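Note that subunit A is present in both complexes that follow, paired respectively with subunit B and with subunit C.
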Partner chain A sequence: MKRILDLTLGIVTSIGGFLEAGSIITAVQAGAVFGYKLLWTIALGTLGLMLLVEQSGRLAAVTGRTVGDALRERFGINFFIIPLVTGLLVSFLVLASEIGGVSLALQMATGISFQWWAMPVAFAGWFLLWKGNFGVVEKGSSLLGLVTIVFIVAALKLHPDWGRVGAGLLPTSPDHDGPRYWYLAVSIIGASISPYLYMFYSSGAVEDGWGTDDLSTNKATAVIGMSFGGVLSAAVLIIAALVFLPRGIQVDRYEQAGLLLPPVLGHTGFVLFLASLGIACFGATTEITLAMAYLLAQGLGWDWSENAKPKQNARFSLMYTVTILLAGVVMAAGIDPLKLTNFSMMLTAASLPVTVIPMFVLMNDEALVGEHRNRWFSNAALGVLSIVTIVVLFSAVPLQILGGS
Partner chain B sequence: MHDLLDKVVLDEGRRNVGRVDGVVLELRPGAAPVVSAFEIGGRVWARRLHGRIARWAVAFGRRWPALGNGVTRFAMRDVRTIGITVSVKRDGRPTPALAWENWLREHVISRIPGA
Partner chain C sequence: MKRCRRVIGWITLPLLIACGGNDPSAQVERAGSWAATTRELAIERRVGAIGRAYTSDMLDAGRREVQKVAQSLKPSDLPETLRARVPAAVGRLDSVIASTASAVQRGDAVALGAAAADANALGDTLRILRAALRVK
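So, the complex of A and B:
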């Protein structure tokens, strides 16, 4: 019984925690300009995330090591410094974007500028980390995040042409605005596969004391949870395709995204959109902050745990405190949250090879994962994903210049 | 040497002291060098990265000695086991590796309500 409960909770958590500023904004922008055409990138990104979540969870369950631990131990400091520095840098910008997302939701609700909300939001996130434990951080906001299911309800109410939705799942080249199309394609992949997610996930598995008997839970969470999460992103894109595209609304201001649901669900739609955006981004805020503190603490061998009192892990607690408050300062300084979100998704996409390719070595190391090492299917899929991430890395800079605005 | 480098070091109280950031080799005339000790510290791993980064780390340690930039050295005879982690038969708390942790706990973290 407890097993089933854990499993359900794991899946529900990953669904409720799936959407965040980047996935919402990029899906809205893609649907608004290209209709269903970019749905395949959500599918690709979701499959990639599924793969990495399953493998990092398996690594943690089998070895008790997180991805951060394993990267340092297997490759040494000379390599580890690369994912460490890029991970912290990219995550910091994503974190600021998420604080921006919550602040923008509050701005749309109250009329008070997001700049005034940034520090209170950062402080609220810090307070949750300071007082709460891992379960509260992970499950609390994810359960509230189930409000994002409203996107599926709205998409169904619009009666999309399922034939055309299906066609969108196949990659096609665009008939107009090529650079913008590929820019959004890469952004969506960055928004779907964020390294902080599997860093956080594998640390969570260690926090929860996973062992080999949790492997089935891990697989189910990865496959079912991430699939539903991907469906949520797809629903956002479908709504944008049916609401924004015919009206010619291209989302270049955050506030425009607030018009996504009202044509379908009226004023309730507006309220639910704000709730979804606010909760999803707040959940991501706390998770990214923790993921950054986990990565640094694991890499340098500090004691770390969100389940311990802050003073038991002073450096770890200081790390998340400083990180979240600094990210709040960036937003309070008035950086455009939409531009930052788009930029940080591109950067996330470009940073993928440094964590994705080493997974190959880790998950095939018999001394590390033994009989639970990758089978041919996981390796083949990871191989395809690695090639995608390398292509993405080399196209990121030109696309940011050509398709960024 | 590779069985040791970059692994987490646990003290007798199962506390994380740090990671094995470097090893100390003892050179003996006419015989293979042996690992006699290992070291923990930002300065140590900085040396493995690059000469310039190592010089910055040293300068940083001089500028802010309170940040515990010292080097902790454990002799191999203090090692209890080497597995996924390295366990030592000593208390890590008085070592420079945990100086910053201790200082922060006393002077910063404990003063914030709810710690």
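So, the complex of A and C:
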């Protein structure tokens, strides 16, 4: 029974983290312009995330340390400052765009501008974190997040050509608009492999008191949970390829994505789209806020636990309070949610080497993980992922300029 | 020195391309996307699949985007044969979006059907104009 419950951790991180403001809109943009051609980036991002989640969970289960703890202890505070600052900066932008996603869902439902919703959404997220515990954040997201299965239902109802879907899983070069294609490819990778996701995952494993008995559960949650997220993301892209591309609708504004499901599921589709966007982004909002507070607390050696009362971990609680409210202020100022989301996904992709490459060292450190260190397959996969992240780092700025408009 | 110049070239190239990214073909494509969006909004609103507030917001946003496109189209950037047609089509799209918004406010299903047909025809026109701009 405990193992089944532990599986929800992986499923939650895939729903609340994988399908969020960034992964929804980048998949819609990709499908609307390039059809199935960018499906391979979702597959690549899913495999990369699966790998990092499994390794960060294994690290937590074997050592009782989170990725943040292990990075600081192994490399020292002088090095740790780099992933700490980068992680906090990038996660803050992603957090603002998630609050923007919830606010836009409310705007589409009520007609009241997203700017007015930003602070109430931030406050609701803070209230959940303040009053709830890790289990509430986890189970709340997992149960409500199941609504996003509507994307799979809609994709199946559209009867896609599975041969062409399969062909989309193989990388190909674009036949038009190259810079935009590669820009979206990198953004999708950024949206899929968000560092906050495996930071949150390893902190959650420590909160739940994982040990070596949980290693098989960890492997199963990484594979099943992340695959589920990847399939959802692919379903969004497939719907956009079948609904937007033939109609010639490109996405200039986030709200255009609201037209994704009505041609397939009518009014129910519209309502379920708003619910999916709102819930997925709200789940991601609470998880990113927690991940940022975890990272800072672990980096600076503060007490941290979402399961403890706020006054027992005052600095940790203050951190998430300030973070979520500041991110709310950013959205309330009226920044374009689509531009912010695209920019933050690109920045997330560019920041990946800072956490991915050190994982290579951590997971091969026998003194740290002992017999549970990486085998050749994990090292080879992590090596390939590291190379991909370095390529992404150097291409991010030119692509933002060339393809981001 | 040569290497230094090459590095500066690689750095400034994307910026130069970005600055020149306001090409009429891309702008007409953007307008075409809004014609398609307007058509879809009219169709889905007519059958009650999407909310009135959402439809009105989207049409307002569409008008703003189309007006931006209209402002960015400089006659000097357009070939002579298309100099009158392109701005006229974009201007017509602006009025189709306005009439769609008015039909939404009135809850007039017949007018919404007509607006969808107008937006569809305009979408075709913009597609042809875009193809012509690419050839030129």
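Rule of thumb we're sticking to: the second predicted complex is superposed on the first by the 388 of 405 C-alpha atoms of A that agree within 3 Å, B and C clash if a C-alpha of one lies under 4 Å from a C-alpha of the other, contacts with A are read in each partner's own complex, and residues count from 1 in each chain.
Here, a contact is a pair of C-beta atoms (placed from the backbone, for glycine too) under 8 Å apart; a residue touches a chain by one contact, two chains touch by 3 or more.
Keep in mind that this is a model prediction, so the values were computed, not measured.
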Clash or fit: how do subunit B and subunit C relate after the overlay on subunit A? fit
Using the superposition on chain A described above, determine whether A:Ala109 touches subunit B (first), subunit C (second), both, or neither. second
Of the partners subunit B and subunit C, which touch A:Leu402 in the superposed model: first, second, both, neither? second
May I ask you to decide whether A:Pro263 touches subunit B, subunit C, both, or neither, giving the answer as first, second, both or neither? second
By the touch definition at the top of the document, which applies to A:Glu255: first (subunit B), second (subunit C), both, or neither? second
Quick check on the superposed pair: does A:Ser317 touch subunit B, subunit C, both, or neither? Answer first, second, both or neither. first
Taking CA centres after the superposition, what's the angle at subunit A between the directions to subunit B and subunit C, given in steps of 10 degrees? 130
With chain A overlaid, the minimum CA to CA distance between subunit B and subunit C in angstrom is 30
Intersected contact list for subunit A, partners subunit B and subunit C none
Contact set on subunit A toward subunit C in their complex: 107-111, 247-250, 252-253, 255-256, 258-259, 262-263, 266-267, 269-270, 397-398, 401-402, 405
Residue set of subunit A touching subunit B in the complex reads 63-65, 69, 72-73, 76-78, 80-81, 130-131, 299-304, 309-311, 314-315, 317-318, 321
Can you check the complex and tell me which residues of subunit C touch subunit A? 14-15, 17-18, 21, 29-30, 32-37, 39-41, 44, 47-54, 56-58, 61, 65, 123, 127
The answer for subunit B against subunit A in the complex is residues 5-9, 15-19, 21, 40, 42, 45, 48-49, 84, 100-102, 104-105, 108-110, 112, 114-115
